[in-house]
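Each remark here refers to the structure printed beneath this line.
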């Protein structure tokens, strides 16, 4: 029996479909692609056939958001992540790459890109990070220079999820360096555009089935209509994107932790030492109990935040940051504990649990490190206090 | 089974509800009652501690639908391919003889085919068969369900056997199902036990629910009583027990030979990728193999035996073998003639997938491994020594 | 092409067990599922429809709860679904089931009937061929591949014990399929949404207008007298000692059993 988070019938169906896909299609191939450090090509058709690709895309563009895109996405990402955090990322990162179009795109741009993404025909990726611009996102050095009816992009993006496999890239580039944070704009760049190449696939600790690559722009010429929103609004678009996507990272972390918890509980009930299952030892039982509480608390926070984002009543930054930070810190702790529950077998690559520990780590780092998240939360708290006292 | 009713001995204890496999009974206001999901299987009647569920009196109209006394003799379908009788036929002769003797009736083997006279005479010479009816026709040389069904049904209607047995092979099952409808009688599939009860009726015992349950079936009001019988369960009689039985050749009615389905070709195949669920022999490896490279030992043994390779969940989860080989609760359920478990401890989740195998051989270095509790034979030892040695002995026996 | 697929809702039999002491079925939390072989039949029907046009009708004879199984069929591509249900059908053996279903199928209409090889509760594999006779159809059982299909005929490969038989049948016809034939698709989100709204056509005994004596328990020539637990599997002989010795012993028992 699971806690009832008030899912609608449609959300319940999304969850069931995602769970079946995770168990029947993702889980059987997870270890292989983690070992090979390869992106599973079949993922594209697996996701497309499930009809899940459009759960966060508005209905009028072929999606099934039904007014609750963030909650839908979180439900699906959590289920997929239980089987593999790397493959679920391929799904979630497309969502991240598509959000700028939904948030800042014109009607024409939405009609042009969203239907194919909703149908699972095209994947997307979001590109802001660079070698010198990580937490300090405003230090972006990739430039987009206006030339007639085009913009010309030059620069290199680093560690872009779905790099090379996505067709649609939403890229943050500087259009007016003098204006600092207000000088960046968001663009759509399609794979295959001359001057747009990919660097090597990174060799990562975890989420190895996910394709992480550099994007190299060398005199890459794109039509001016590819700008999303107004010039200088790039960081606003990025912030809005993160507010909506961070609960998704939280959901991914919850899924990874939940998957590890299941493995740990099952193992501890079958592994026998001293004539009884190791779960019969209170010390271990307490560990499992703490893990279970952490997972459920994080899940509750993620879903409450997702709902809040969808209600659009106000800026969700504080809660988005909380859901991402809490869930990912929790997932790291739970997966490390899961390895501990497995004992020596937990340390062996042959057993599935150590992968969950490796996969969990990234959730504390990307889409804003947990230090940045705490910064956001603190700033929001102080602002609220200042607002009350004046 | 019969229609049931609930008497006032019912206390509403709900033992019946827990036992019902179909959710067909519920307790409302402390009284049990059947709902529309009930199919009269009678399991609740067995489960009731107060004997509050009884059979409904059968209305007088329900009695034999045919003149039972007009039917006699035990028939065995003489399945053949390429001029040879199938091995299951001899098993059925062994069983059929016992049933015929219990009924003081004849045992008749019915062969449909072409060029089978020699095989029929050999059967009569060596086995306790009273008669062989041989329906000869060029069109009957190769089995086809519709033609065989019509020919056999016509013979059944004419000669009225009391009992008909066939091997539960692809041929036997597919055509006898047609006969059962053509002559309007009962057919029980895949029997593992046959007996004659005190009233002379054939009691047919067979597995259901994937082998988790055994059922006893009767065909009280219709004739013939028909069964397909699981191969390799009954014992053939010793050769040399011929009774000097007679051969009767029958010319089939041409109208019955016309079949709409046409056989275009037959391809004898030995597949590389045998679907383990259909394999007769499976050799499986588990965590005890120690590493993926040791699966080679399992594969070699499987190849030597002509079987398929299976895996426990632990080995699949560890990535040593693809999921299609997984046997167990979350993998495939298999019921081969021989299951050899190498380095598999016998966790309940694995056992559920293979415990109905006919012969289970377990190889494990832990003498307390649970798998030895259900294995027909076991070897306690290091599989890295035992498995290759067994493989080479088998290959030597097969002459390689 | 109008393809009728017969499905059955069954208990997940890997979970159903008998309590050998009490002699009763233990059914705690056993799920009802679409008979696994039928999911392959349905997938084949949907693939044939996608390739050649037409519609797939999923038909089941069962109690009202079988509706859930029919909705699952919609979620993986069935266009129409029919529930043949009536208290009068309860207790049907394979004769009565094939008789009732055949009558329903006459009303539903079809060019081809596809069934799964057998149901995992009854394990008989008899209803498909039984229906074929009631409907006077040619049949092909154990089909592992449909090679060709036109409006008039079907060419199939049958998986037999010793090899593969290639058969041609005129339509209309009945085939039963094995798991080698395809890989059933998972329900998609759109499929599940369609399933929720799907209209289920019901056919009752009254609409079939068949003699009551031929339906349900009364129409069934076979009767289940008793259900009991199979003898629990017991451990046999365990050989210990030098591999040379133990493997020799195993080889001789395997030879005796006719397995080598």
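The chains carry the letters A, B and C, assigned in the order they are written, with residues numbered from 1 in each.
To be clear about the criterion, contacts are C-beta pairs under 8 Å (C-beta built on N, C-alpha and C of every residue); 3 or more make two chains touch, one makes a residue touch a chain.
Computed from a predicted structure; not experimentally measured.
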item: Dominant chain pairing [most C-beta pairs in contact]; value: B-C
item: Distance-to-centre winner among chains (Cα means, whole assembly as reference); value: C
item: Centre-to-centre distance between chain B and chain A (centres being mean Cα positions), rounded to whole Å; value: 53
item: Separation of chain B from chain C, taking each centre as the mean of its C-alpha atoms, in whole Å; value: 17
item: Rounded Å distance, chain A centre to chain C centre (Cα mean); value: 42
item: Two or more partner chains touched - positions in chain A; value: none
item: Chain A - residues contacting chain C, complex; value: 9-10, 13-14, 16-17, 20-21, 24-25, 49-52, 55, 64
item: Chain B residues within the chain C interface of the complex; value: 1-3, 15, 18-24, 36-43, 46-47, 61-62, 65, 81, 145-146, 149, 169-170, 173-175, 177-178, 180-182, 184-190, 203, 206-222, 232, 259-269, 275, 277-278, 281, 305, 329, 333, 337-338, 352-353, 355, 359-361, 367, 372-382, 385-386, 389-390, 393-394, 397-398
item: In the complex, chain C residues that touch chain B; value: 11, 13-14, 16-18, 22-28, 30, 63-65, 85, 87, 90-95, 98-99, 120-126, 128-130, 132-134, 138-142, 155, 158-170, 173, 178-180, 213, 217-218, 220-230, 233-241, 243-244, 246-248, 250-251, 253-255, 257-260
item: Contact footprint of chain A on chain C as seen in their complex; value: 185-193, 196
item: Chain A residues touching chain B - in the complex, by the definition given at the top; value: 28, 31-32, 35, 270, 350-352
